[in-house]
Each structure stands twice: as structure tokens, then as C-alpha cells.
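There are structures below to look over.
What follows is chain A paired twice: with chain B in the first complex and chain C in the second.
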Partner chain A sequence: MAVRNLSTQRSLKEMVKTFGLPRIIIVIFLITLWGISMSLEIPFGQLLSDTLVRWGMNGVLVLAMMPSIMAGTGLYFGLPVGIICGLIGGLLAIELNLTGFAAFFGAILFSLPLSAIAGWGYGWMMNRLKGSEMTVATYIGFSFVSLMCIFWAMAPFKSPEMAWPIGRGLRVTISLAGRYEKILNNFLSFSVFGVMIPTGLLLFFLGMCLLVRFFFTTKTGLALKASGENPRFSSSSGVSVDKMRIVGNIFSTILGSIGILVYSQSFGFLQLYTAPLFMGFLAAASILIGGASIKKASITHVLLGTFLFQGLLVVALPVANKVATLGSLAEISRIIVSNGVILYALAQKSGE
Partner chain B sequence: MEKSLHNRVPRKPSKERLKSFFVNNLVTILFLVLCLVGLRLSGLSLAFYLNDIVSRVARNTFLVLALLIPVLAGMGLNFAIVLGAMAGQSAIIFVTHWGIGGMGGILLSVAICSPLALFLGYLTGRLLDKARGKEMITSLILGYFANGVYQLFFLILVGTVIPMNNEVLVLSSGVGLRSSIDLSGGLRYAIDDVMRLSFPLFALYCAIGMLVLGTYLLIKARRTGKLEREKHYIVLLVVSLALFVWSLITSLSLSAVNMVRVPLLTMAIIAALCAFTHFFFKTKMGQDLKTVGQDPHIAEVSGINVSKRKIQAIMISTLLAAWGQIIFLQNLGAFSTYGSHEQVGMFAAAAILIGGASVSKATISHALLGTILFHTLFIVSPLAGRNLFGDAQIGEYFRSFVAYGVIAVALGLHAWKKLMQGRKK
Partner chain C sequence: MQKSEYVLHMDGIGKEYHGNRVLSDVTISLKPGEIHGIVGENGAGKSTLMNILFGMSVIHSTGGHEGTISVDGEKVSIRSPLDAMTLGIGMVHQEFMLIPGFSITENIKLNRELTKENPISKVFGKEMRTLDLQHMGADARKALDTLDMDIDQWAKIAGLPVGHMQFIEIAREIDKTNLKVLVFDEPTAVLTESEAVNLLQAMRAIAKRGIAILFITHRLQEIMDICTSITILRDGKLVAQKRQEETSIYELAELMIGTQVGELMRHPNENLAAKPVLLSIRNLKVAMSGEEVKDVNLDIHEGEIIGIGGLAGQGKLGIANGIMGLYPSEGEVTYQGKPFALNDTIHALQTGMAFVSEDRRSVGLLLDSSIELNIAFTAMQRQHKFLKKIGPVMQMDKKAVRTLALNMIQDLDIRCTGPMQQTRRLSGGNQQKVCIARALCLEPKLLFVSEPTRGIDVGAKKLVLQTLVRLSEELGLTVIMTSSELAELRSVCDRIAIVTEGKIAGILSSKDSQVEFGLLMAGAKHGST
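On to the complex of A and B.
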């Protein structure tokens, strides 16, 4: 009897361990909130549509975490670097007066060389910072954001949509209405049972996931994975670990720049200045909620984590509003959940 | 024996010594130049600058000093002093709510925040001990996390779970605190105003103190035969003599510098903390921490409880940060309820790094010099930005770029050096 008790206890413990404590808490929390929202007669279809939209719009940014983790450089806290490259691409597309799909893909195209160069430089730096990548990366990201603030305030863009009417520099938020606002969201979108499906957005997101998945089956991808998992073994079998780490960071930066364009077209605005500062933490929290660690990540972690985290954020706001008319509760829970999850991952022994 | 040992060490040629001095103090020297250029561009008068810098140094130095002990223990920069600052700030909020002002209010705040800070410090220490090797990023994220909890407490729970009837502090809905709190008529300047002295007089007393100390050290060095230190003490004496002459002349003149008032008690508290830290390093606990910082394995083998010592280091640091935040806020006079503590860790870290500290080595003089330089930049950069670009905002962006950038560069250089050393082995 006692033995059986012990074994069930152990298997329960193991289950918790494999599934991850934060994930369990968040799933329970999400289901509870969904329950409450239904009892408060908040339309569930609306909630689900919002969750789907935010799943797709944040997904690529979360995906950007993956190559960096796989290459062994930890969570990609340099995400603001990629985001800024994407923003520059987005601005160039407006400056050249592009609209529609041409503008969106043009923006991606413009940002590609920038993010490749930035990612290379970033990866080069990471190779000189082995062992303290994440701390330094955070501050590199922060200082890059503030440096770009100076750039935005002095940038020579002419388009009246972007520049302040008086003086110089760019606006804080730049509307994409009439440019490429919701261009992916609205592509082939339809609704079932009151749930809007943003087909184009989801297709794009899943397409990017497939692309990453494909990358990890190529020779370079496999080498990258190996060098992240066991640097000594791979360097002894002829793989240049440093080079692979750079490749991983270039890939992460490119995904980051595409990610912010996907995000912006759905949001309807390009957010400049200090907006990118904390996006890296949110994306990191998402992939960790999905079950990734600072050493290991997969596409499933990205898909699941983003869905859980965004689902939680979407449902938290109306519930908090109905229960206590406290709008700030949603923001606070976002801060606590995202940072709590990152802390949990950092404190794990396995993550070393 | 000792003397002959010192004499045998070959001295590097002076050119090389100069070069290594520049390389080792690159960040500080760069900053000194930046501050001087900024000071020139801002067009500030000396009196105005002194007034600002004195109040900023009095306000911030304690918080910067709170970083020292965890560095000694090899835990890097403790960005989680934010938690200590929160404890101090919460205490101030409650004392303000009860309407207790003056020195009594300050002492009550200290009494309230100390157990809270020790408790938070204990939890922080436990967490950082678990995240060995990733202490800094963990402490940074912990600061953000704790900020969420702080907001939950003061924005949601106050008025719903915790009753607080106060029209001045609480929002009109009855739930949550207003976004800014005014301490005037209460705790404002409660420490600063106990005694103030004009800047030249303050400098005069400092110069006299330094002269006495310098002479004592010089005589002691002569007696024990530590000749290589003699030079430093002579430099100290010359500098303090110059300061003595300058302050004497200024205090007798009609210069506007005489209008700058130095908060004496605040400065005395900071001096006391410097002395405490200095002697702490020599105690058993300080030596243990040093061993832990140099090599945790050796420390473990020689019977030191590494985890316990690390947790204690963080507890002291958090407690000091709580007190530091009280000093900070009473000088500020009015503060943002949800923002004043947020960047405490980052600003303190930037200051100490600018002063020449690294992740593994930080001294009291690094903290003092860094605070002065960092806050000089704070004062001059918006003005310099306006004069140079016609936009004060650009100066502000530049300021935060520098704060973040300095941390990135200093941490980066340190990691790189460590990597190169590891390769050489």
C-alpha cells in the first residue's frame, strides 16, 4: 500500500516535472478565467478570436527565441535589435510610398540585410561573452533602443505620415492605415460560430514555423543544434561552434524583424522610441511557458507557449474589468506572469 | 623580509605603466572627458552645478554603496536592490499615511522597512543562490517581477483588502494609490535639514580632516617602511592643501558658491556607511565572503557555508538599499509611487561601473567617484542636448543610452577578459 502510494506520488512528481510547474499553473489559471468569463457572459467567441489574432501576431517574435536557444546563446534578450531592424524596414516601405502586400513584403525585404548584419554583429559579440550572454545581451538591447531613440528623433524621413508636422524626427507611433494595416489578418479571413479566423496571419505564422523546422533539418541546422547541445563534441567533430552561434543569432534577428512587422500590421501602428524595450522579455516568457528551457526549445513550445500566454492576457482584461473595474490588473498580471516564468526558468538546475 | 620582497618586484617602464593605467580605467576616463565636455556645452555656472551635484550625491550615494557587498561575494551587481528600495518606499508611504513627519517619521520608516527588507533579502538570496552563474540576469528579472507584486499591492489591494482612508493618497475611486506622493510638510528633508553647511565651509572641514588623516598615514607609512605608499599620501596632502586654500578663499569671498548648502547629517550617514563597509571587509564575515567570491569550491572545502554567506550578503545589500531609498525619497520630496524605485538598481549599477568597478571588484572609491560622474552627466546632458541639437529630449535619450551602454560595455569587457584568461590557462 505504502509502496504504491510512493510510486503514485513519484509519478505525479515526474509528471509535474516533465510538464513544468509554471505551465500547469498557467493552464489552470487560464481555464479558471475562461470559466469566470463565461459565467460573466463575456462572449467567448470574441475572446477566442482575439486570442487567435494575438497568437499569430506575437508568434513570430516568440519564434525568434528559438534559434538563439538552440545555438546555445540562451534566451534571445537582444530581440529589440531585430525589432528595430524590422521597424526601419517598415518605415522605408512607407517612405517609398508602397501599399498593400508590396509594402509588407517590401518592408521585410528592406529589413533583411539590416537584420542579417546586425545579427552577425550581435552573434560576434555573443562569442566574446560566453557565460554571461543573457545579462550583457539585455543591456546591449536596452542601449541599442536608447541609441535608436536619438536616431528616430533626428531621422531624415520626409513622409508626412511619419514625421512631426513641425520640427524634425519621427512620430512616436506611426499609423499603418491605408498602408498595410491588418493585411495578413484580413487575407482570406472568415468566421465560424462567431469566431473570426485571421487566415492569412495564421498561415504566415505557421509558414514561418515550418521554415524554421525545415532549417533544422538542413546540414547547417543540424550542426547548429549539435553545437548548442554539446559544443565540445561538435567542435571536435569539425563544426565551428562560434560560426554556428553567429548563424543562430542572425536567424533570430531576422525572425525578430519579420516578427515585429507581423505584429505591427495586426496592431495597426509602428511603435518607435522606447516601445521595443521590454518586448524581448515577453517573447522569452512565452516560449518558456510553452515548456522551453534556456537550453532547449521546439516549435511546439513556441506554438503552445504563445497561445497560453496570449490567451491569458486576452481573457484577463475583460474579466478584471467586470470583476473590479480595475483595468490595471491585466497589465499587472502580465508583469507578474512573464517575469515569474523567466525567473523559474533561470532558477532551474537543468537550465545550466 | 616584506620590504625586500617589494623591492625585488621589477617596476614597469613608466610609458607602459601609463598605458596600462589608461586601459584599466578606460570607462572612467572616457566618462570624465564626456562630463567635462558636457559641462562646457551646458553653459552651467559652477554654483548651479555644485548645488545640483551635492544634492544628487547626498541622495544617491547610499544606494550605490549597497551594491558593494554582493560584488565581494562574487555575485556580481545585485540589480535586485530594487526590492530593498521597495521596502523603504512602502514604509515611507505608510508613515506618510499616518501623518508622522520629521525625524520621528524617518526612524519609524527605518523600523518598519528593516524587517521587511531582511525578509525580501532572504528570499532574493535563496533565489540567487539557486541561479548560480546567472545571478545578475536573475536579479534584474526579479526586480521587474517584484515591481509587479508592488503594483498589485498598492494599486489593487489598497482600498479593497487593506483599508486605507486617505483622500490625499488614495485615488478618488477609493482603490489604489495616486501615481505621485508629496512628502512636503512631512518627511521632506527630514534628514537633510537637521544641519546644513555652506559648501566652502564643508570643503574646508573636509580638507582639514584629510590633512590630519594624510599626515597620520604618512607618518605611519614612514615608520613601517611602506615607501611605495608614501607617494599616494603626499598626493593626498597636496590635494587637500589645495582644497583648503580654495575653500578658505571662497568662503571669504562673495561667490555664489557660498549659497550651496550641504546636508551635513546625510553626508555623515554616507561617511558612516563607508566606514562600516571598510571595516566589514576585515571582519570574519567579510573575509569569508571574499573567499566565496574568489573561489566557491575552496571556500566550501575550508568549511564556509557558501549558500548561507551568499544569502547574508544579499540580505545586507537589500537592507542598505531600503535605508538608501528612505534617504533618496526624503531628499526628493515628492515621488512617483510606481516609478521611483524601478530604476534604482540600474542607475546604481551604472554609477559604480562608471567609477571603475567591475563585476568582480568594487571599492568604496569606485562608488563615490562613479556617483559624482554619473550624476554630472545627468545634470548636464539635457542642457547640452538643448544647446547642441536644440532639443533637450535628445540629451535625455543620450543619457539613458549612456546608462545602459556603460553597463553593457563594462559587463561585456569583463566577460571577455574572463574568457581570455580561461583560454590562457
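On to the complex of A and C.
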């Protein structure tokens, strides 16, 4: 009996270790908030629907972190670069007056070459900055966003849906109503027990996850993984580590541009100018909450992390509003959680 | 207080790291003005002994040491390098600890500056005193003169030749007024021949001033040239203590290496010359820091197992790393009768070479990946094996990789829970077998194996060596085995090339005597015979 006790204790300890303390705390926190929300008679079905939607709409952006981490360039703080490429694709689709799925997939198609080129340049930069990738990446993201503010203000788009009525340049937010608003969310969606399931959105997200998973079973994917895990091992096998780092960053940039289109169709607007600025941090926080480190990440980390992070945000807002009428409490908690998690991950020396 | 005749007396010194004995019962006594040599192979315990003398934290954080140390007949406890310095024990470092942007004087007087009062220091205290540059310069000049150095004491360190830097390190030590014992740890390793001669002269001059010198080196000739007494360490034990006049360089070499001979696992092939040359190396230079290859010429015959031995840091490891393109190298290499492109790992792998690195954990393995991925990776990337095509994409063929891994696990007897186990969780010997398996699935003609038994236990060592012998016999593989353990090379190799100072000092048969090996390793072959 004592022996069994010991072994169950040990396996519990093992479980805690593999699941990780930060995740356990977050899960407990989330469940507590759910409990509070129920006692406050906030409709739980609504909360869960919102969580699922936000899970799907942010998922691909979080997924974009993965190739960069695996290639050894750390968290993909250059996410705004990918996002901007996606936005340009989205704008082009409107300019060409596309609607429905044609518009959505058209936007992805237009953004692909842009993000491939941008990702290559970004990866090239990362290779010249070995050792301080993440710090510099953050600033690359920031400066690119600022640079693009000028572009948005001067861009020669003609469509009246996007341009300011007077003068030139693009509006700050561009509505996708009638174009491809919620096109994935509504695809095959249904509701059970008052919970809306955004089938198309989740399918697309899972599809992208499978794609990434498939990539990491290919020759290139394995070379990329090995380069991130042990660059010296890879080069002793004749793999060009620098090339693999570029491939990883191209892949991350492409996922970032697809990610923002998925996000925008669900949100209903394309957000230009400074909107992409902090999206990299939110995505980074999500994958870290899921259990990834700056050296290692998996699809499970993406799925779990996005769900926990978004679940937390969705439930925090109504609970905070009921408990204290301080309007910005949800926003504050979001910033504390996201920045706290990033800090935690960066403080882990070996990234293990 | 009774003054002892010994300035330093280390009595019965021993040390154990986590149950692993590295030093036992070593007693060394130094008289003022004596030059005492300490010789021994890598791992003989020289650095542990010095760590104890300087109270390094690695000693005290692992439970201290056995035995006592006395300075001037008085028992002392040295808990930190600062204690050692206060007691008048100084060290000339192998790596120079100098500030390039400072002048020679400033470096010599660093943290021991002479100062004088000024109005501000009278108010704010000692930290604000002005440097007394004139006297500092004079002191530095005096120290440099002792060493016969006629360079300007105000010259900046940056840009000085390496030989000068070594002397400035020494000048800094002898400038300390209480200096009683000075330790030289392999000081001539980085110097040219003429610089080394100057250094030895300087050491004599220092000894004349009554300072005792502990001289650690593997160059036996230098020991014979200037030491009055010599201690020989081997495997952490004091093997012998000799006076210079009663010993010879041959005896030292033999004592240093010992007479232990490994079990012969295979009979050396006698008629190698009849076999065609597979790899011919001419004037190979490899820029691998710490293991630099300066000029290596070597012919390797088909089907042989050739050993490359020598002391650490002499460049034996650089040869394999250089040919495999992992470190920048130049020279002429002919492989299978064709010119071989250096600095090109892909070329090396594609022409049938494979490499098992000496650095298992940081080069040889993906520690967080499965055994099967580790084994198949290189073959997959370089030879497109174990892949299946899906449209334009090459995907890993899981079934083929699994079969391969299971076969290798069985063939090489890799003890694991299965092909999906992370290599981090394997023992050293089994990790090494995974590395060998990875090399083997390239189906190489020529296999480089570096330090195959480093850090693995005795039983596993034998298994790894047996595996190499079996592979060479069954597959006709040519093996170039680099190892620091001579006994191991002698038990499996046809010939053994000894690398000293980046060059092949000589090639011996495993039947040659220990003395021969010892002399080659100590770089004494040319000088004295």
C-alpha cells in the first residue's frame, strides 16, 4: 500500500513536472474565474463560444512563433512584419473587388510572395545578429510598423471602402462587411447547448497545425529542427544552418500573414497603422503559456497556450466588470499576464 | 618560531571529486631559489594540485582536500586565490590576463597602484588619491629589467607580440614584494622556440633572487634544462621524485607514461605498405583553437586502423575536424587518388567519409531528439536515404527509419527503452554507439572516430572498441581513431601517429616501447636523440 502510494505520488510529481508549474497556475486561475463567472450568473455558453472563436482567430498567429523557435532564432517578435504582408494581401483583395472565399484565399495568395520576400530579408538579418535575435527582432517589428505607417498614408489604393473620403491614404480600420467578414467562422457553424461552434475557423486552424506538423516530418523540416536544436550537429552533417534559419523565418512570416487574415475575417476589420505593434507579444505569451520555451515548441503548446490565454482574456472582462467597475481592468490583466509570461520565459536561462 | 628550510611544503595532498579519486598522497617540498618541475600526462593531477595550492573554489565547494600545506614552516589554510597571493604564492597564467588598452606599467601595477595624497583625497578618502606614475613606472622598469626586457614600460599591451605578454605577466608577479613561490603552468606552450629560451633564462634569474619556482610542463627537455628536482605524477599518484642529475629524459618519459599496456584486441596488420593509399594528407593546417594543426603529412592505407595520439592541445583532434570541414583548413589532400576539397563538409560526406566527433554532447548528438532521428539524420540529409517523395516534398520514411534504428540497436547493442527514446537519457557508452550508428548508416569507406571512449565507463569502453574492430574487419572500413588514451590506441591500431605541436612527431607501431611513445609526446625526440 505504502509502495503504491509512493508510486502514485511520484507519477503525480512527474505529471506536474511535465505539465509545468506556470500552466497549472494558469489552469487553476482560469477555472476559478469560470467558477466566479457562473456565480455571477454570466452566461457560460456565451463565454465558451467567445473562447472558441478567439482560439481559432488567434491560433495561426501563435502558430507563426513555432518555425522561428524551432530554427533557433527564438520567439518570432518580427510577427508585425508577417502581419503587414497579410494586411497588404487583404487590401489587394478588396481593391480587386473580390468577395467571399475568393477574397479570403485571394488575400492569402497575394500575401504569400510578399511574406516570402520579407521573411527572407528578416531571416538574413537574424543571421547577422546571432545571439541577440529576439531583442533586435522586437525593434525590427517596431520600426517596420512605423515605416509602414507612412506607406498606409500614401498607398495608392483607390477603393472607396478603404481610402479616406478626402485626401489620400488608407483609413485606420477597414470594414470587411460584405467582403469576407466571418467567412470562416460561419462556415458549417452550429450550436450545441448554447455554445456556437465556429467550425470553419477551427478546421482552418487545425489544418494549418497539420501543415506545420507535416513540414516537420520532411527533409527540410527535420534539417531546420536539427539546426535549431544543435547547430554544430547540423553543420557536421553538411546542413547549412544559416539557410535553415532563413527558411524558418520565411515560414513564420508566411504563417503570420495568413494568421492576420484569419484574425481579421473574424474581427470584421483590417486594422492598419500601429495596430500590429504589440501582436507579437500576445502571440509570444500564448505559446509560452502553452509550455513552449525560447528553444522548443510544439503544436500542443500552440493549441493549449492559445486556448488558455484567450480563455483567460474572455472570462476576465465580464468578471472584472462585475467585480469592480474599473473599465480597463481586463486590459490591465491582459498586459500583466502576457508580459509576465514573456518575462518568465526569458528568465529561464537554458530555455528548458 | 622555528624557520623551516622549505618555503613551501605540501604534505600528503589528496582529492576526491564525488567519490572519484583524482589525487592521492602527493608530497612536494620547495626550497627558496629552487626550480621544481612537475610532469605528467593530461589527467595526471597537475591542475588539481595547483587548484588546491591556490584555494580555487572548485576544491572547497566539493569538500576540500586531504593533507596540509605549510609556507615557511607554518601550516596555512588557503581558501581562495587571494589567500594564496597574501602568502606570497603567485601564478603565471597560461591565458594572459592583461588589459589590452592599458600600458605595461598599468597592467603590472593593476590593483596595487602606488598613490599619493591630493586635496580631494584628503576630503573624500583613499579612493580619490592620485596615481604616483613616476614610482609606478620605476617599479615596472625594475621588474622588466630583471627579465632582461628592454621595451618601454609605457607601451600599450595591445599589439605586443605574444612572447612579450607572457613576460609582462611574469613581471607583474615578481613586482609583488612578498613573492616567495611562483608557479608556471605550461608557460612555453604558446611561445616560439627563441622566446621559450628567453623565458627559461628569466626563470633562472628569478630563482637566483631566492624565489622558488614550480614549473609545470610536458616538455621534458625544458625540465631537464632548468629544474633542480622533478616530481612525476601519473593517474593522481606521485610516481617518483628525482634530482635532475640522477635522471634522464628517457626515464622521465617512461615514468610519465607508465608501463600499463591495454589488452591487445587485434593483431596489427604487418604488410600495410602493400595496400593502396586511401587518403594522403600534405601540409595540412587547421585553425581549430586549442587544437591547432600546423603542418601534418600523413598517408593512410586502405583497410587499416590508424591511431592518432598525443597530449591534449597538441592538435591531434584538429586533423579529423579539419578534413571533415568543420574548422577552416588548408593543405593538399588526395582521397582515392583524386584531389579532395577541404572546407566542404558536404563533399566529405558524399565521398564516403564519416565522422564521430570527440564532443559527443555538443556536436555528436541531438540530445532532445529520438535515437532513430539521430541515427538517420545525416544519411537522410546527405544521401537522400530513408525518404519518400510526396509531390515535390521529401518526407521522412518513418517505417524505413524505424527498421534501420531497430537493426542498429540490435547490431551495436544499444541499451535503450526503444528507438523513440531521447538520446539525452542514454548512458555515455550508448550515446557513443548512437553516434557510431549514425556514421555507419552513411556506409562510409573512411571513418574518423575521435575520443571514442571519453567519459564512458570501463565495460562500455571495451564494447565500443570491439565494435570498431569488428566493423573494420567485416566491412573493410578504414578507421582513423584519435584518442588521448595511448593504451587504447595500442590495443586496436595498426600504427599510431603521435601529434606534437601541430605536427606528426613520429609514427610508431603498437609494439614499440612506452619510452618511444613518451619521448614523442614530450616533443623530446628531435632535441636529445
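Convention: the second predicted complex is superposed on the first by the 333 of 352 C-alpha atoms of A that agree within 3 Å, B and C clash if a C-alpha of one lies under 4 Å from a C-alpha of the other, contacts with A are read in each partner's own complex, and residues count from 1 in each chain.
In this section, contacts are C-beta pairs under 8 Å (C-beta built on N, C-alpha and C of every residue); 3 or more make two chains touch, one makes a residue touch a chain.
All of these numbers come straight from a predicted model, not from anything done at the bench.
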* Asked: Of the two partner chains, chain B (first) and chain C (second), which one does A:M125 touch, if any: first, second, both, or neither?
  -> first
* Partner chain in contact with A:S236 - chain B first, chain C second, else both or neither -> second
* Asked: Looking at the overlay, does A:T217 come into contact with chain B only (first), chain C only (second), both, or neither?
  -> second
* Asked: Which partner does A:T300 contact after superposing on A: first (chain B), second (chain C), both, neither?
  -> neither
* Asked: In the superposed arrangement, does chain B or chain C reach more residues of chain A?
  -> B
* To do: Look at A:T32 in the shared chain and tell me whether it touches chain B only, chain C only, both, or neither; answer first, second, both or neither.
  => neither
* To do: Considering only the touch criterion stated at the top, classify A:S191 as touching first (chain B), second (chain C), both, or neither.
  => neither
* Contact set on chain A toward chain B in their complex -> 77, 125, 128-132, 134-136, 138-140, 142-143, 145-147, 149-150, 153-154, 167, 281, 324-326, 328-329, 332-333, 335-336, 339-340, 342-343, 346-347, 349, 352
* Structure fact -> chain A partner, complex, touching residues on chain B are 76, 127, 130-134, 136-138, 140-142, 144-145, 147-149, 151-152, 155-156, 160, 173, 175-176, 389, 391, 393-394, 397-398, 400-401, 404-405, 407-408, 411-412, 414-416, 418-419
* Structure fact -> Residue set of chain A touching chain C in the complex reads 214, 217-220, 222-223, 225-226, 229-230, 232-233, 235-239, 296
* Asked: What does chain C use to touch chain A in their complex?
  -> 324, 326, 345-346, 348-350, 355, 357, 359, 362-369, 373, 377-378, 380-382, 384, 387, 393-396, 398
